[in-house]
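First subunit A sits with subunit B, and in the next complex the same chain sits with subunit C.
Moving on, here comes the complex of A and B:
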């Protein structure tokens, strides 16, 4: 069991890297989709809405397999597993991130826009100085929650063969006969990643309620 | 401090034949009203009479369906020119609409910093000056959630005053307040009126109308049913609708 720790550790590092890259990717993509979703340009919000619905309505393994085999088939070269997993996770979670940000933007009351307009703020100034700070406050707790589920979803990258924490655990179980203690160790690693975020989000929520 | 905000907009308002409809709903019909420099006009009427819509048209938050609206020299009926009014008139809302993420001083100085590009120190000095005028300088660092309704509304008035407006619109500024907090806001409004501010005030406070208005305009069903000096209109109304409305209001 203890001899397997280095393998688990390198899987953990890969999970950490995959989480960080995918969180960044899903936030950037999600912000763009939310902006398109609320844009006053014909057709654009409909396309953005379709994007959101497609990914919300499909299981994440399908998205990962689609990205992996799609890239292999159409780009015609051997796909980097890490990149495929990061793209799949980013795209999938960006749909949820977009909805969180959109509802945060829409939760800012019309009166805030009116007050800013009367004061002479331009649309971009109103967004930057009035809407965005309130959106961040509203959207931060659910965004952290989304990060937590993304971290856990990195385990699904094992189905395309990426040896992250989950796959590392599985490979050890295949060679030894101690699944319970191995999977418990894997769970502890995931927990160590998610729990601090969970504590932080609970504190944030309490603060928001307090204000 | 020298104040770099020079607000050179006019001080009078002219409405001529203004109508407004939302879809099939006709809210205002052929309203004509002039407000002169320094005049305090109070709009009264039942909810749905169109008084708030009229105020929102004057401030540029709504556009008239037809008719001409000129505020401080800006033709508000011209969609290309209406935005010129922004940053030059003040508006005080029923729900205050303070920015919850900024403290009182931040609320008051946001437009000075971002629209008028004032330095931080100048904006702060101007902010404290207008907060002092509404008796809120000692609460400059407080956030809206830490203030009572009356205090929030006084900060909102200070925010409107910061850009040196010649005209301020009040949209039921005291309707969301507990009765014991109404006085502190109407006192501030009264002192502004005394300083020569042009004010259009939608309110249910008949005491304010009686004591402070130069003219009271009674609206019913989207038209001006009756108008005149407060004493005459409130004590001796001629239109049966006005008589009925006023008897209901005084019953409360």
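Moving on, here comes the complex of A and C:
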């Protein structure tokens, strides 16, 4: 049991790296999709909406498998698993991030836009100095909540063979046949990562609702 | 060529169909379990006993802060070492039910607290027993108020079934993986799987909406959403996605 801790630890480091890269990727993609979703160009919002709906109505393993086999077919089987997992996670979660950002933007009252216009601010200035700060305040707690989902979803990268924390645990179980203590240890790792974030989100959400 | 590829994959349509039926069965049973657990945990979390409150909080926090895939593995691979042997489907139903139950606990609690105090006081004055207050006053209103979140979580159980392919349950993702290994036509194979999930999740939402209309006809029909547009938008932003 104790001898397997170094393997779990290196898996944990990979989970951390995958989470960080995918969170960054999903935020950037999500911001783009949210912008397209609210754009005043014909057809573009519909396409963006379809993108969001497809990922919200389908499970993440499909996305990961699709990216993995797609990459394997076109790039050969030497495809980098970390990159495939990061792309799949980013794309899938970007749909949820986009919805959070969009509803955050729409939560800013119209009066704010009008006031900014009367004060002579240009459109981009209005967005940067009036809309964005308020959007961030509203959207940050649910965005962190989405990060927690993403961190947990990195475990699903194990199905394409990436040896992150979950797969590291699996490989130890295969050799030692002591599933209970190994999987509970893995659970402790994930819990230590997610629980502080959850506490923060709960506290912030309470504040937003009570304001 | 492309037409030929589609024909190959479409020949597996009966397999997809069986997989979809199994996924739907697991979803319904998993959700029933989740709802039962959620009501118990919600009552525990709002009870007068400190021990019960702590136990309820532990359940919710531990489950919500660990991956569902890990929970599935613990039920299927680790429980047998404790002498509990389950089939893959049963293990899947239990793991998904326990997982979504933790999210539903908060939904059910929100439902209970959404019932106005005046309602309880009025019922008490009318001399209703505590049980009838719960079944006739609190439960119907709570159910109506959190109904959209319940449907959300039902869809979450459906999407969660995809993870059961890891313990060899022949649901949609598992079947798709097998067909993909045989044909290597991943675009068609996973495309059909995505369409199957979209049909099922959309179908579940529609079915739930029909049930809602039948169950809660009078007061909820045509009632405008409460709160200012800003407050509604904030509520939408905070959302209930687990």
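Rule of thumb we're sticking to: the second predicted complex is superposed on the first by the 203 of 211 C-alpha atoms of A that agree within 3 Å, B and C clash if a C-alpha of one lies under 4 Å from a C-alpha of the other, contacts with A are read in each partner's own complex, and residues count from 1 in each chain.
FYI, a contact is a pair of C-beta atoms (placed from the backbone, for glycine too) under 8 Å apart; a residue touches a chain by one contact, two chains touch by 3 or more.
Predicted, not measured: the structure shown is a model, and the values here were computed from it.
S.K.: Which of the two partners, first being subunit B and second being subunit C, lies in contact with A:134: first, second, both, or neither?
M.R.: first
S.K.: With both complexes superposed on chain A, which partner does A:61 reach: first (subunit B), second (subunit C), both or neither?
M.R.: Only subunit C; A:61 stays clear of subunit B.
S.K.: With the two structures laid over each other on chain A, which partner does A:17 touch: subunit B (first), subunit C (second), both, or neither?
M.R.: Neither: A:17 stays clear of subunit B and subunit C.
S.K.: Looking at the overlay, does A:205 come into contact with subunit B only (first), subunit C only (second), both, or neither?
M.R.: So A:205 only meets subunit C here.
S.K.: Answer with first, second, both or neither: which of subunit B and subunit C does A:112 touch in the superposed model?
M.R.: Touch partner of A:112: subunit B, not subunit C.
S.K.: More residues of subunit A are touched by which chain, subunit B or subunit C?
M.R.: Result: the larger residue contact count on subunit A belongs to C.
S.K.: Figure out whether A:121 sits in contact with subunit B (first) or subunit C (second), or with both, or with neither.
M.R.: It touches subunit B, and subunit C stays clear.
S.K.: Looking at the overlay, does A:159 come into contact with subunit B only (first), subunit C only (second), both, or neither?
M.R.: second
S.K.: Considering only the contact definition stated at the top, list the common interface residues of subunit A for subunit B and subunit C.
M.R.: Shared contact residues on subunit A: 109.
S.K.: In their shared complex, at which residues does subunit A touch subunit C?
M.R.: 53-54, 57-62, 65-66, 69-70, 73, 96, 99-100, 103-104, 106-107, 109, 138-139, 141-142, 145-146, 148-149, 152-156, 158-159, 166, 169-170, 173, 178-180, 183-184, 186-187, 190-191, 194-195, 198, 205, 208-209
S.K.: Applying the document's contact rule, which stretches of subunit A touch subunit B when the two form their complex?
M.R.: So the residues of subunit A in touch with subunit B come to 109, 111-112, 114-115, 117-121, 125, 129-130, 133-134, 137, 211.
S.K.: Residue numbers of subunit B touching subunit A in their complex, please.
M.R.: 59-61, 86-91, 93, 95, 97-101, 110-111, 114-115, 143, 145, 159-160, 163
S.K.: Spell out the part of subunit C that touches subunit A in their complex, as residue ranges.
M.R.: 61-62, 64-70, 73-74, 77-78, 81-82, 155, 159-163, 165-166, 173, 176-177, 180, 184, 186-187, 190, 193-194, 197-198, 201-202, 229-230, 233-239, 241-242
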